[in-house]
Amino acid sequence: MTGGKRNDFVTAERSARTVEEVANLVGGRVAGDGSFVVKGINSLDEAGEEELSFLIDSRYRSKVNTTRAGALIVREEIQGFSGPQIVAEDPAVAYIGAAALFAPKPPRMQGVHQGAVISPSARIGRNAVVYPFVYIGEDVAVGDGTVLYPGVYLGDRVEVGEDTVLYPNVSVLHDCMVGSRVIIHAGSVIGADGFGFIQAKGRNVKIPQIGRVQIEDEVEIGANSTIDRAALGTTLIRRGVKTDNLVQIGHNVEVGEDTVIVAQTGISGSVKVGRGVMIGGQVGIRDHVTIGDRAMIGAQSGVARSVDPGEVVSGTPSMPHKLWLRTSGLLTKLPSLYERVRKIEARLERMAKRLGPDD
Amino acid sequence: MTGGKRNDFVTAERSARTVEEVANLVGGRVAGDGSFVVKGINSLDEAGEEELSFLIDSRYRSKVNTTRAGALIVREEIQGFSGPQIVAEDPAVAYIGAAALFAPKPPRMQGVHQGAVISPSARIGRNAVVYPFVYIGEDVAVGDGTVLYPGVYLGDRVEVGEDTVLYPNVSVLHDCMVGSRVIIHAGSVIGADGFGFIQAKGRNVKIPQIGRVQIEDEVEIGANSTIDRAALGTTLIRRGVKTDNLVQIGHNVEVGEDTVIVAQTGISGSVKVGRGVMIGGQVGIRDHVTIGDRAMIGAQSGVARSVDPGEVVSGTPSMPHKLWLRTSGLLTKLPSLYERVRKIEARLERMAKRLGPDD
Amino acid sequence: MTGGKRNDFVTAERSARTVEEVANLVGGRVAGDGSFVVKGINSLDEAGEEELSFLIDSRYRSKVNTTRAGALIVREEIQGFSGPQIVAEDPAVAYIGAAALFAPKPPRMQGVHQGAVISPSARIGRNAVVYPFVYIGEDVAVGDGTVLYPGVYLGDRVEVGEDTVLYPNVSVLHDCMVGSRVIIHAGSVIGADGFGFIQAKGRNVKIPQIGRVQIEDEVEIGANSTIDRAALGTTLIRRGVKTDNLVQIGHNVEVGEDTVIVAQTGISGSVKVGRGVMIGGQVGIRDHVTIGDRAMIGAQSGVARSVDPGEVVSGTPSMPHKLWLRTSGLLTKLPSLYERVRKIEARLERMAKRLGPDD
């Protein structure tokens, strides 16, 4: 079972297409034999003779000489490659289109499986797919074309938009809202209680978390992530935000449009993140901090102060990225710096002995 | 669907109450018109005219001048606020009580759903709620009033106390014990095997993990967290511990009463954490370390040595917090320090040339 | 319910065995009374009079004087211990064998529960155990003796080998392969989409993730972990890899045989990790980096450059472990270093005043 070859799988049971068909669908022009048939798409290193490959990053130009790929997506026609080429203004976009063509078939299941439990007051849109073991609470609304995989839980009064996909074992707790064309990967939890306690007589007394989470359209949330409901009001994930796996977003956070958050990052309560921000992996952001639009935060940073729009920061404590590059480079030279200071002190002592005391 | 206003939701379908009713229930006195009706609770910034708000932190005093809130919870009556006020000795505690009053209605489902699978040998307490898709193994005991949401798994011989809530897709593996009035948020895993292997002939041989996890009363565990069973004996989470999301607690760890652990922190095997300890987010604690009672550990710290009772530490390696504040502040000045040392050395060279060699 | 003693549990309802039986099964010889009956196994600190204990690490030799254990596993016979001893060449291996003997009984459920949903095109091996609330998609293959706990999801065309255990609420997405004798702990997600987007007109456009994950034989994956499918080709976890909880492995990563990865570590896309590597907890590894065979990476390291075979690194940025020990030790002395440099500068100023300007 584990002896299967690595890459024979990608093309299995997928449609064969001519290069010309692909070019038309991705908006490129054909150079060479457009009737050549490709059965899949793969990297330059791993593509086979019946597969399409692509050159997006010119640093990999030399791989074109050794690839076994039968056809290529390129920015400009490459001399010396014998197969047909699809010339596209933006080969990355063309690649995305072509990859979608060769992606595995969508799930065959249709409709609402009788093994789901759906409250009578819930409304399920047309063409929605509800797998078995899905639980849908009271007064829930699920939009047209949305897919709920097994183990999905929608608490009372949850609303989910159209053409959204909730992968297996995703939990959306009561009163939360998920927009349209959203993807939430398996195991993620939307709307668990925010983490709020007050100390009273040495014990931790829970502050009721009676807000909600709102996820706007076209957001993608990674697997096994957690987005907490607000104490009051709304934890808000705006249109087009993309988060990786195992990300934690605390209560009352607001994340601006098109912001990208890499895996295992944690955002504390009441943080405001602007739009178009890039946050690396394993970053921690202190509560109530503001991150300006289009800021960039390097991986593993610890951000305890607000970051200005467009600023690029790294490190713990976070600092301008260029300063961090210099600082972190100097860290490894600390032992020699201490030695240099020791030598300076010794030299000064000798000088003082020779010249008489200086203080 | 995503176009809904942010805050009209919180009060939807919830009970309206007079200010006097609220004051009586939270133990405050009314200043002003106690017959005023409030329909929800919200922050000073976001409250509407029919909502109650609160001033807990006097730094936000000026917001009282601009809030639209219809009524306030305060420590001392505020002149110039036109609506009724609930004056409470501890406004934070009064706020918690009031927030609980306006929290969303509890789940309407009651009893044991026929879509759950329950072993004949399991005992289910009175008024317990068991949703569909719950699996309850052999010889399990579930206490009175406990709620098991869809996707909860209780392995053989698990015991759960009274009035405990296990949110969707929580897994409690065989032989583990969960106390009374415990909350475990969605997706958490209690009692996966601890991580223990020995190397034999270059391979990793699994050490059987035959202990268990015991979670005492009034503990709250965040979403998608993991608490591993002991290799032998018990991983012990004592009364009143509160942990945030995505926290990892290794095998044979003991966490003392009322300790608070923020998100994404990892505690390695056999660590002993005292009572009333505060551990920030993304902290890592090395195996077999002891953390004394009421110690505080700053976010992102790496703790490789034991921490004394009451000690406040931060950083990697962890150090006294005040030292860390100074040290981390100096980090960003390293480039200028290197430059200063270089200048000193050059100056000494010049002096040596002028005064004759000094060594 | 929470008042139970800590350790009376481990031996509950388990078989009693004579010391001689245990010795025969683990390949040791008996010194003393082989007919002595033991009912469980426990640590020197916690074992009771009817329990077997063990001395693996000679640093704990003195505990033998105070243990209440009735019998011991040892490397060499210990004078002064009154009970019978099992003398084994490798007491750690003997302990593992003995612990397995006293482990809780395996699940009693057998066969395929009618509460599972299994596509007609799926093939289920002999003696496989399928709990209720398991979903098995089209053209899935499950090997002989494999156990699928409640809430497990196997997407279309997934293949799982023999004698593998998937714990509750594990999701294996379409087209992924899991080998034989694999353990995946509860809540983990295999085959969520890799995190890949391109920026187009200020928005994030998703790069289709059409590869898969392949997990080879004898791998163990911790709870609530995530292993992403490749963009193209395969994310590959080779034979014998062991990962702890909450670990993130990005798309197109390859992890070599017998490598060990501790909790909360994140490995970015396209990283190649060699065989026999040890990676500590909360480590972050940048994309496209290569980690050589048998390298060791200290906890919380940030690895942005490739690591040579056998190299031992720590810190952020990662550096040779010995250098990191010196560097991190010097960090706490930074305040005094700055003070020393300040004093040197002042002294030089005084000298310059006395001796005349030096520049």
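Going by the order they are written in, the chains are A, B and C; count residues from 1 in each one.
Everything below uses one rule, namely that a contact is a pair of C-beta atoms (placed from the backbone, for glycine too) under 8 Å apart; a residue touches a chain by one contact, two chains touch by 3 or more.
All of these numbers come straight from a predicted model, not from anything done at the bench.
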{"item": "Chain-level touch network, classified as line, ring, star, complete or other", "value": "complete"}
{"item": "Interface numbering overlap (same over half, different under half) for subunit B and subunit C", "value": "different"}
{"item": "Distance between chain centroids, defined by C-alpha means - subunit B, subunit C (Å)", "value": "25"}
{"item": "Multi-partner residues of subunit A (each touching 2 or more other chains)", "value": "133, 151, 169, 187, 224, 246, 264, 282, 331, 337, 341, 344, 348, 351, 355"}
{"item": "Residues of subunit A that touch subunit B when the two form their complex", "value": "117, 133, 135, 137-138, 141, 143, 151, 153, 156-157, 159-162, 169, 171, 173-175, 177, 179-180, 187-189, 192-193, 195, 197-198, 200, 202-208, 210-212, 214-217, 224-226, 228, 231-234, 236, 239, 246, 248, 250, 264, 266, 268, 282, 284, 286, 302, 315-317, 319, 323, 326-327, 330-331, 333, 337, 340-341, 344, 347-348, 350-351, 354-355"}
{"item": "Touching residues on subunit B, where the partner in the complex is subunit A", "value": "1-2, 4, 6-7, 9-10, 41-43, 46, 90, 92-93, 95-96, 99-100, 102-105, 107-108, 113, 115, 131-133, 149-151, 167-169, 183, 185-187, 220, 222-224, 240, 242, 244-246, 258, 260, 262-264, 276, 281-282, 299-300, 328-329, 331-332, 334-335, 337-338, 341, 344-345, 348, 351, 355, 358-359"}
